[in-house]
Amino acid sequence: MARYDFASDNTAPAAPEAMGALAAANTGFASGYGTDPITARAADLVRALVDADAEVRFVASGTAANAIALAALCRPFEAVLAHEHAHICTDETGAPGFFGHGLGLIGLPGASGRIEPTALEAPLAAPDLSHRQSPAALSLTNATEYGTVYTTGALADLIRPAKAKGCGVHLDGARLANAAAAGFDLKAVPGLGVDILVVGGTKAGMPPTEAVVIFDRGLARRFDARLKQGGQLPSKGRFYAAPFIGMLEDGALVRHAAHANAMARKLAGLMPFAVRHPVEANAVFVEMDDTRLGALQRSGWFVYRFLDGSVRFMCSWATTEAAVEELAEVLRGLA
Amino acid sequence: MARYDFASDNTAPAAPEAMGALAAANTGFASGYGTDPITARAADLVRALVDADAEVRFVASGTAANAIALAALCRPFEAVLAHEHAHICTDETGAPGFFGHGLGLIGLPGASGRIEPTALEAPLAAPDLSHRQSPAALSLTNATEYGTVYTTGALADLIRPAKAKGCGVHLDGARLANAAAAGFDLKAVPGLGVDILVVGGTKAGMPPTEAVVIFDRGLARRFDARLKQGGQLPSKGRFYAAPFIGMLEDGALVRHAAHANAMARKLAGLMPFAVRHPVEANAVFVEMDDTRLGALQRSGWFVYRFLDGSVRFMCSWATTEAAVEELAEVLRGLA
Amino acid sequence: MARYDFASDNTAPAAPEAMGALAAANTGFASGYGTDPITARAADLVRALVDADAEVRFVASGTAANAIALAALCRPFEAVLAHEHAHICTDETGAPGFFGHGLGLIGLPGASGRIEPTALEAPLAAPDLSHRQSPAALSLTNATEYGTVYTTGALADLIRPAKAKGCGVHLDGARLANAAAAGFDLKAVPGLGVDILVVGGTKAGMPPTEAVVIFDRGLARRFDARLKQGGQLPSKGRFYAAPFIGMLEDGALVRHAAHANAMARKLAGLMPFAVRHPVEANAVFVEMDDTRLGALQRSGWFVYRFLDGSVRFMCSWATTEAAVEELAEVLRGLA
Amino acid sequence: MARYDFASDNTAPAAPEAMGALAAANTGFASGYGTDPITARAADLVRALVDADAEVRFVASGTAANAIALAALCRPFEAVLAHEHAHICTDETGAPGFFGHGLGLIGLPGASGRIEPTALEAPLAAPDLSHRQSPAALSLTNATEYGTVYTTGALADLIRPAKAKGCGVHLDGARLANAAAAGFDLKAVPGLGVDILVVGGTKAGMPPTEAVVIFDRGLARRFDARLKQGGQLPSKGRFYAAPFIGMLEDGALVRHAAHANAMARKLAGLMPFAVRHPVEANAVFVEMDDTRLGALQRSGWFVYRFLDGSVRFMCSWATTEAAVEELAEVLRGLA
């Protein structure tokens, strides 16, 4: 039987707290397009999570949330600075350029998914040239694509020079819960100068939903129209808001992420292959050749090779200790 | 207490059949992006619904589904023919132009939301001119925005000349279930020459989900990449597919729509204001001045004035006979 | 032999002043992309023309100039207010939506191409709704599409309420020279609150060239990159700038336009068909049935029927008195 | 005095043959938008140049011509294969993504601007994945960005596998004349499988104009509307067509390019710095450190450092032997 336990954190079902809130919200009639009390309550909880009086919207897609955020920060003839292996650069089929009408992406290097601060210097120092797309936004991801976690200090070191050059800042928090569980202080985010934050619900164990948090109120003007035009203003808004209530009311969001992180650490500890990146969140990347990867997949365990050449094992709220041990045994047989 | 019962058919909660299927699908790990067995099962049921071997995708947004379908049929320098009061023309914040990179909309007249067949003649007969966006697609809606239902013959009369001029055909079925409940034969749709159909889930009583049915297989090439770029390829695909299983397996989709239609007929029967359009699906449009509409809204019942000047009362699977009677009494007090 | 004299003002050759300047500029090497001294000189002359310290760029296409200006003023989920028969609405193949990524156009009525001031009231008063594209810009045309000319007072009456609602203002001056020749004070334009003006060169008797004048300096940031991305930053900039030098240095621009206007008045005086619109610039619109229009075209004179049903005769710097008389005689034979 | 002789081939004035034809075309009235006899004549000459019964359009901008061609070949969720240093990838401010609504660019390596054939293998062999933009077009440049020239055999080796995978082919011929002068057989282009060719006029010594040659007639449908929407359907078409007449009627196009190429060879022969790329067309790229480049620029000679780190010297039809010698002496003083 095929095993997708470690293929991604989006292969997991939704957590009971999220599903319970969804069921609870599914009662009676409610006004549409995010004007209902459930959406209001969820937005309050998200504001409390990051301790800021920000605008909050709930949307269906992380890809769209990121792309719409970037389109709000960057004009078509400008560019977004991002890690060269960031999700927006490699895994979203050019969505930023689609939603942003051709905006450019400038990929920056950096170990284990974290942008190397010195890599920002050249693009920020470059004079505006008419034949290039000059930077207008910085996009960050925490936890990163390679399962590492920026500290607030590390983010500040990237944001400061970008802001000084007039760039807006987007934070892709598809795995923000995992970063929080690893010690990243969510209440520090507003003070860092982030303009738009996407708080991932889907990978954190919810049905599909993402929260868009707009700290810069100027950007929020007509944002509902922006979302509607982009297909991201759900008529039945409560279905995207309710899961956040279930996951935020009693701390399930970070609690589940802490479990996912712990499962990744456990797997790393049992791993017979060399671990490529620091295991700070819920991913383990290892060195594995094609023969062994093929054998692993034929044994029923689906995982993928990444752009850096390593193979990714992803844990989630639903990963069990038993599954980790079962997988580890299979891996030992291949090593 | 505010009453949204008749404000729209998206103010209703999701039906138990849909929610039950959602809960049932939420078990174990599943492969992502629509490759899971639940999505496969739901797609089979949609194919059976329209009796065609078509490609089926499940997406989050009707606005996006329509806009992406139109972008697949019409290039930016071409135009879509549609009823001038079609949802795509009036209520989607220009989403077709956004997803379609500036494609044009040519609004056509016609009583009660149905395109007048003679209105197609001039735009289809017009020679291609470089300074105009010539028609490349015909967009139809069934049930219509005004709660009327096209017969298959009426659709055929519109599609035939459009196809003869090389136009693709899109059918917005946000309320296809209501049309079906009113006697529209869904199994006739493929034979009509429709290229892309959107089967509405949301307004039919599901959590947010829409099925995109691609009859023209040539259009399906790389459609997943098209959806992904547009923010409409859900990673946890089963959450959009499962509700269709619950609603299609035992006929709940059309059964619930038949109830909604019956509630509209009941309301029309009790209505003290003049009914503007034939009540063939789940809407009642009436003549009501601003004074009375204001009084109605102050009494807690939210309904909206439409582009044609009439006021819309919308029924859904969740509309109760008691609510219809309660509303009718309030209306009688205002008339 | 086919006669295009009155088909449009772009059927004329370029005036000797423009061609002379072009030839004079074609000497030696020059730096590219508008950084050459000829472009600088032409920009100075355009600034003097409108008496403002504005940014000036020279581009190849009026369609692109208008569309890029609108894209600078209006986001995709917003709309431009314009006369329903404005060139941007009817004759540019949806270029505003293409360059503006789906921005909307709200067509306003008004006699003879001038927006009726009361028509602005409803769209400007409408609350922002997420499902509509709310106004973000007002686009005006002077001289209008129907050969009438706004006074500065009339423009002020349209601009004031638009500005009060935060709209940017675009002035399409494809025939600004004809307006100036009719008494419109170009030096009043900056004070009116126009943000971006397009000064037409092509229809005024130049080889293809248009001047984009950006009064709002904030809009000018990275404008060259905006133009380059849109295919409107000519490498050999002097070829678009030089004609403006030839036409502005000694007043040829307005002098030629005055001739064109005079020819229109002469034609109107001799016209045996009813004149539809006031002849204030270089166009004469007349009531003519299809039989007579067909006969006229068969006799070799090409003119076109317009959206308002009338037939347009256009004069230019190159229209001769003899041609007017020759045409008038043909028309008399048809009347 | 600033010397732009070698800064680019677009710093040169227009050649007398082009200017003469422009002046000759500027007589009498002509129908608009490319329907005039001068445009027809020029199109015939372009067809003769490449020996094909193709559709030909004349546009103002090479950037737009390339971007529009790519938008015709590649949908937004697909990608264009091109040399990583191709003009479309590095110097057009993301115009392909703007005109192509977010289409992707896949940069391929290859020495001296020529795509390494083996570099095509991986992207063409990759399976279609929904989260990536899969290749739909191959864009080639001849002469290349680094002044080298593909043979027809070399182009065939690149086009064959791309076509086999269903890709369309675009040939950027901004310097096609220089390639022709270097022995590239223009009449072989149609047989190679090129779908859209852009024949550069501007860099070849004309006022701004480029010829778009559409070999695949299916792509030509509604191409004028495509151009109009993109701001590239000139009303006074003869101004873009006439220069081609002057340059093609007596062979001036290739004759001038041969001179430019000869000047580059002469410069290379006198060059005291190491020449980086084979000098096959009109460019010389050399190894020069920043100190020496700065000194050269301060002495008044403007040239630029390129992406590969070398410094480019560009020759044109207008480059004189004296200027080459003068420059060479300055360079010798710096070496």
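Quick notes on this structure:
Here the chain labels run A, B, C and D in written order, and each chain numbers its own residues starting at 1.
Convention: contacts are C-beta pairs under 8 Å (C-beta built on N, C-alpha and C of every residue); 3 or more make two chains touch, one makes a residue touch a chain.
None of the values given here were measured: they were computed from a predicted structure.
Counted by C-beta pairs in contact, the busier of C-D and A-C is C-D.
Among the remaining chains, C is positioned farthest from chain A, on the basis of C-alpha centroids. Here the spacing of chain C and chain D, counted between their Cα centres, is 32 Å. Centre-to-centre separation between chain B and chain C, using Cα means, comes to 42 Å. Look at where the CA atoms of chain A average out and do the same for chain C: the two points lie 48 Å apart. Among all residues of chain C, those that touch two or more other chains are 76-77, 92-95, 98-99, 101-102, 130-133, 225, 228-230, 233. The residues of chain D lying in touch with chain A in their complex are 76-77, 79, 90-104, 130-133.
Considering their complex, residues 2-5, 7-8, 10-14, 19, 22-23, 26-32, 60-65, 67-68, 92-95, 98-99, 202-203, 207-208, 225, 228-236, 239-240, 302, 318 of chain C touch chain D.
For chain D in complex with chain B, the residues that touch the partner chain are 33, 75-78, 101-102, 128-134, 222, 224-230, 233.
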